[in-house]
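Heads up: the structure comes next, in structure tokens.
Chain naming follows the written order as A, B, C and D, and within any one chain the residues start at number 1.
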Amino acid sequence: MSRIGVFVCHCGENISRTVDVEQVASAAGEIPGVAYACDYKYMCSDPGQNLLKKAVAEHKLDGVVVAACSPRMHEKTFRKAASAAGLNPYLCDMANIREHCSWVHEDKKLATAKASDIVKLMVERVKKGKSLAPITVPVTKRALVIGGGIAGIQAALDIADAGHQVVLVEREPSIGGHMAQLSETFPTLDCSQCIMTPKMVDVANHPNITLHTYSEIEKVEGYIGNFQVTLKHKARSVDESKCTGCGICMTKCPKKKIPNEFDQGHGLRTAIYVPFPQAVPNTPVIDRENCTMFQSGKCGVCAKVCGPGAVDYQQEDRFSVEAVGAVVVATGFKLYSIDRKPEGSPIQGYGEFGYGAIPDVIDGMTFERLASASGPTGGKILRPSDGKEPKQVVFIQCVGSRAREKGISYCSKVCCMYTAKHTMLYHHKVHDGQAYVFFMDARTPGKGYDEFWRRAVEEEEAVYIRGMVSRLYQKGEKIVVMGSDIQVGVQVEIEADLVVLATAVQAQDGADLLAQKLGISYDKYNFYSEAHAKLKPVECATAGIYLAGACQGPKDIPDTVSQASAAAAKVMTLFSKDQLERDPVVAKVNEKYCVGCLACKKVCPYGAVEEKEIRDRQGNLVKVVAYVNPGVCGGCGTCQATCPSKSVELDGYTDEQIMAMIESL
Amino acid sequence: MHAEAKQHDFEPKIVAFVCTWCTYAGADLAGTSRMQYPANVRVLKFPCTGRIDPVFILRAFQKGADGVLVSGCHPGDCHYMAGNFHARRRFAAFRALLDFVGVDLHRLQFSWVSAAEGGKWVEVVTELTERVRAMGPMLEFKSLEHEEQWSAFQAMADVPGVVNTPELKEAYDKI
Amino acid sequence: MTPGKKRLNYSYYPGCSLHASGREYDISTRALFKALNVGLKEVPDWFCCGATPAHNVDELLSLSLCAKNLSLAEQVEGDLAVACAACFSRLKTTQHHLKEDEEKRKQVETAIAGPAALDKPVKHILEILAREFGLSKLEESVKKPLMGLKVASYYGCLLTRPPEVPELDDCEDPSIMEDILRALGAEPVKWSHRMECCGANFTLSRPGVVLKLSNAILESARLAGADCIMVACPLCHGNLDIRQKEIKDAYGAPDSTLFGNIFGSELQQGAPKDQRDLPVFYITQLAALAMGVPSGNLGFESVITDPKPLLREKQLL
Amino acid sequence: MNAKANKNQSSCIEPSYYQAVTQAIRTQAVQVLKDGTVAGVVGYLPGRRKGTARPALITTPEEAEKLIFSPACVNNLSVYLTKSKKGVLKQGRIGIVAKGCDMRALAGLMGESQIKREDLFIIAVDCAGVYGSRAERSESVTEANIARKCHECTVHHPEGADFVAGAATELSGLTPLEAEEMARIEALPQAERWAFWKEHFSRCIRCMACRQVCPFCYCEQCLCDKNRPQAVENSPRPAGNTAWHIVRAMHLAGRCGGCAECERVCPMDIPLNLLNRRMAKELKELYDYEAGLAPAEKGPLNQYKEDDDQSFIK
């Protein structure tokens, strides 16, 4: 026979006004298995908690029901008190007779009867309850950071500085990401590369960081604290251990006219190349699509000129497995750059803006490269078609963003600010030029942001036209921009020399595939979903995986860096203990009765169910059963409702507990 | 939501199976907002609607529930990502089965009530309670509890559709 | 057609214009479908769809007009083929609107005393040609390719907009007309004003607006080197064809501009203006011509800007 | 659906057809046993009484010569691979004689990881139909005595087998008895539906033959036998009976292949397959899922779509 204690709280008058608490307590005393029942003014107060602790000891209680407010309010309080009294905290439950009873009913008789019923339900539940111990999971104190842009770099440096090993993976030949491409950054107009490259070098030199560039995630197995990640090291055709980075291969390479991706196709590079001079690592890679040696088998100049003999045409993709305890995903974004609707995509194109058809219609990142001192024009604003200095530049904001009819309804967040920056950079470089900006709203939340925008409008002579552009077309050397000025209420036409589109920020190509490998969720735009929009903005619903930067949604640099450091802090919290403790409300399989139909595995939202082979002492396979990894299980119980034989059971919500409650109705 | 205590001849027993993250919290919000609704509902908390087994609903009816409510997070809001999606299919099938067996589905309500929808909780509970009150007690399962085998046989012997082979008849007569 | 394959059959809603000012559109549509061996059966007893004015005056009336016509069309087998862009837009809008608005649907169904045929597929002849008949089959069926004919294909406002209603092609950057032209052997030009408004039914109330807007269209077509314009709307045809002389009178002077520029444009002055006549064809006229239908059966004589000199020059007559 | 189907439609199936199938099965079984493809074959042997058949596991070519297929071969043999017969598959690859309806059970069991395709050599029968429960065992198969399930069979010509015996003739224009009965019950007022099932369920003696014979009731411990907690009362009283049959139908929803063995073995003639069919119909309508046509990775109740119907949810 159980010895349950029932404590009925008055909550001042909050409960006792409509519920006869004394009657509830005395009725509770009559329930079989209840050894002690009382009522008290404020159970959550110190004296109230002491009353509970004392009763546990005096009456040798083996379970406690506190009839008071919602468990969402004070469950932790009373479980702590019960625990202090030597009771397993999971044998303490709350009967919610305030939010679910006294506050929502006025008839004292009915409310009292309901309160008694609620207490009875919880008593039955506690009677069938089991002691549960927190689950401990060993933690591998080594982190994987995916993506070597500013988010990944910041997260990697923070974790490494805390003394933990970090594996940083980047799919391009160099780390740096989009930030390395930028000219100057808002709102301070400091040179992006000047603040970025030292951090890249720090990564390269950090004793705790292992850098894998030109590598991708092949497979992810395991769970929080214990991931096994298979990396694919794409064949670089250059042996990183031998290469000294002298660069002679690049100067001698006969293929010199390949559009450089780093310059958005506006500069040129060789077939063996580093993306940009400050690349980290400074080890070239051979672009096999464009290399004469790979295409026709005749050339081999780079191998001949390479002193250390680092060029290796036979190199193949290589795989390695890294054991890590936490993953930071920092894969960044791409810019919307489609001129027509791609097949099967819900996102419409912008053919009417002539992007891709009119050479002098460029996107914001191309403008960054034109404005960058290290860019293809050496920092001069020259238009791509004829290399002339444009005297009239039209900037169009919200291209793709906030355009529901085009398939994207979100705001890309950074365009208002970078367009303002572009008008300033343009004005600084072309004094007699005129910048026009078509915009919907100027969104400038951020420290110093609105002041910056105001400066562009008021001091740097950018003409802001509130309205959208309907169409662009080439007319001789000019591009006619047809749009509307909705403040004046007229249609306007501008003959521009250069048009810059502030195209939307989109999730990286393949973001969905990576998410599937990691087992994290993503929204309809393929941005990764955080566990809670407000309170868990850097965690994924999948434990042990954290988000940093624009892979989660459009973000500017300060926000990205903040989130990267936050993700790093989360990783360090995880790494602060050798063992991870988790709430023991997880599913367990009864291996004796499980027949291995694996319906539980099919429905598990966490991928926590694995197959387990049961073997006899001779090693013969007896049967295959399901196994729930307690480190991964989220505790929803969908498996148990699905299991035909109920051979998997969710601790804390067992069938026995629930049935006992139903029986007591 | 009547302020005055109204006397009813029949107080139906309503059992609510709810998930802890959305509907339970929604009911909490109804409480903190001091909304009023009939005191007939007894709430059983689950981590997720995905945990709710159809057997529980069956058992609740057997144990005297006159109406059952199952409520969880709106699609896409599930704390466990997909539990409510699985529950949705399971209960779609279970409803069809109960309907085929002759259970009046007006006694079984499903809803999505988020943590922010205290008002909706009140509306759903009130509507179900009043509907079931008007329908009267659920006697089908309750009456089964008191019946023994064979009892209905003789009375039903001539009802079409009831199998009544000579062999069976003979067997029954022997009893 | 390939023997054994099922013959395509459509019900057909010509609309008022095609029985009046746009008669040549109707004639050429019928001739083209006959040439392609595609069935076309006119909906008996059809009446006006309400066109552009009705929905500005009385929404319920405009929806009911279309709904009634749709329910008449329901009695004729085959998807409903529509040639006029305005009729197409109204019929599709009605279906879209009534599907979304249960209450409106009930009102309309009371008004027309019967169910509104919301699921009757309504197809513009462009999509019939390009998708259902198919571009490759169209290309195979060409007897007289329109070699060397540079065509500015003009979509106007209604064919693709708003995007959720006609679902014909990319809303702002469609290509269906160009695709058809290429199949016919013609050369579609790249030009800027294919989606701009011609002034539509302001042609009667405020002709000045129409002259200005249509002039911009004609001028940009000339600028792109087009020989002619192709349309799929009788109203567009009217404005661009009938008003060409008036437009020349109003804007022919060499220093006139398309629009008043507000910001910064340098006016290009002094250059003599390109004043070529641009014949305006219906899509079906050109397609039928390419299918070898005799030109006398296509209504070329009833238009204002005579297309025959151009067709003769390109040896298409 | 099947080009090779010889649609010789007549009022009865000639016994010669079954003899031809028998011969084909024997030849195939002998061959796979001889060449060592399989360690044994689960098939039918003649029963002790004339015109009957009994399931058997045979392991030698000599025994294989005795295999038969006749209208009396009603049993779904897939049940001889799981549950208490689990050991059978441990002996090596096993041949199994399967009608179309039995194949659906095999596919289902594969989807639920109970058997592996590579462990089986499926000798499918292009089945013309089997006897109903009250058939005289000496007659030819006719509309009058064919099993109810065969009236609406859609899997006369099984696909995906290793060998197909026969090319079936089939009876034409059979009345869809079960569909009609289902429609009749669906059309009844709700109270009468309850009365209908109450009467049937109250007769149940809880012999559990339906469970025993069901290929999908392979759990090692049935929920309904559990007593901590006891979700379903296990004495044969109307309350527990009703719960048992509802739980059974729910557990089979999306899995049952429609072999109707439960109904065949029920000593109390409870129309159990009606429940199964009703669930199958619902899942087909809601999720366009039909059980057992091929081994499925996930059944309809083990997966979801974000836009699944939720018109019943407030």
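We take it that a contact is a pair of C-beta atoms (placed from the backbone, for glycine too) under 8 Å apart; a residue touches a chain by one contact, two chains touch by 3 or more.
Because the structure is a prediction, the values reported are computed rather than measured.
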Legend entry - Selected pair, greater C-beta contact count between A-C and A-B: A-B
Legend entry - Cα-centroid distance, chain A relative to chain B, in whole angstrom: 40
Inset, instruction - Could you grab the centroid distance between chain A and chain C? Build each centroid from C-alpha atoms only and quote it in angstrom. - result: 49
Legend entry - Between chain B and chain D, centroid-to-centroid distance (C-alpha), Å: 33
Legend entry - Computed distance of Cα centres, chain C from chain B, in Å: 59
Legend entry - Shared-contact residues (touching 2 or more other chains) in chain B: 59, 82, 86, 90
Inset, instruction - For chain D, write out the residues touching at least two other chains, lowest number first. - result: 223, 231, 301-303
Inset, instruction - Determine the shape of the graph in which chains are vertices and touching pairs are edges (line, ring, star, complete, other). - result: other
Inset, instruction - Throw together a list of every chain pair that touches. - result: A-B, A-C, A-D, B-D
Legend entry - chain C-touching residues of chain A, taken from the complex the two chains share: 339-341, 348-352, 357, 392, 405, 434, 436, 463, 465, 470-471, 473-475, 480, 485, 490-495
Legend entry - Residues of chain D touching chain A in the complex: 112-114, 218-223, 226, 228-231, 251, 297-299, 301-303
Legend entry - chain A residues within the chain D interface of the complex: 592-599, 602-603, 624, 642, 644-647, 655-656, 658-660
Legend entry - chain C to chain A touching residues, read off their complex: 162-164, 170-173, 190-193, 195-196, 220, 223, 258-259, 261-266
Inset, instruction - Spell out the part of chain B that touches chain A in their complex, as residue ranges. - result: 3, 5, 11, 13, 15, 24-25, 27-28, 30-32, 34-37, 39, 42-48, 50-53, 56, 59-60, 63-65, 78-83, 86-87, 90, 122
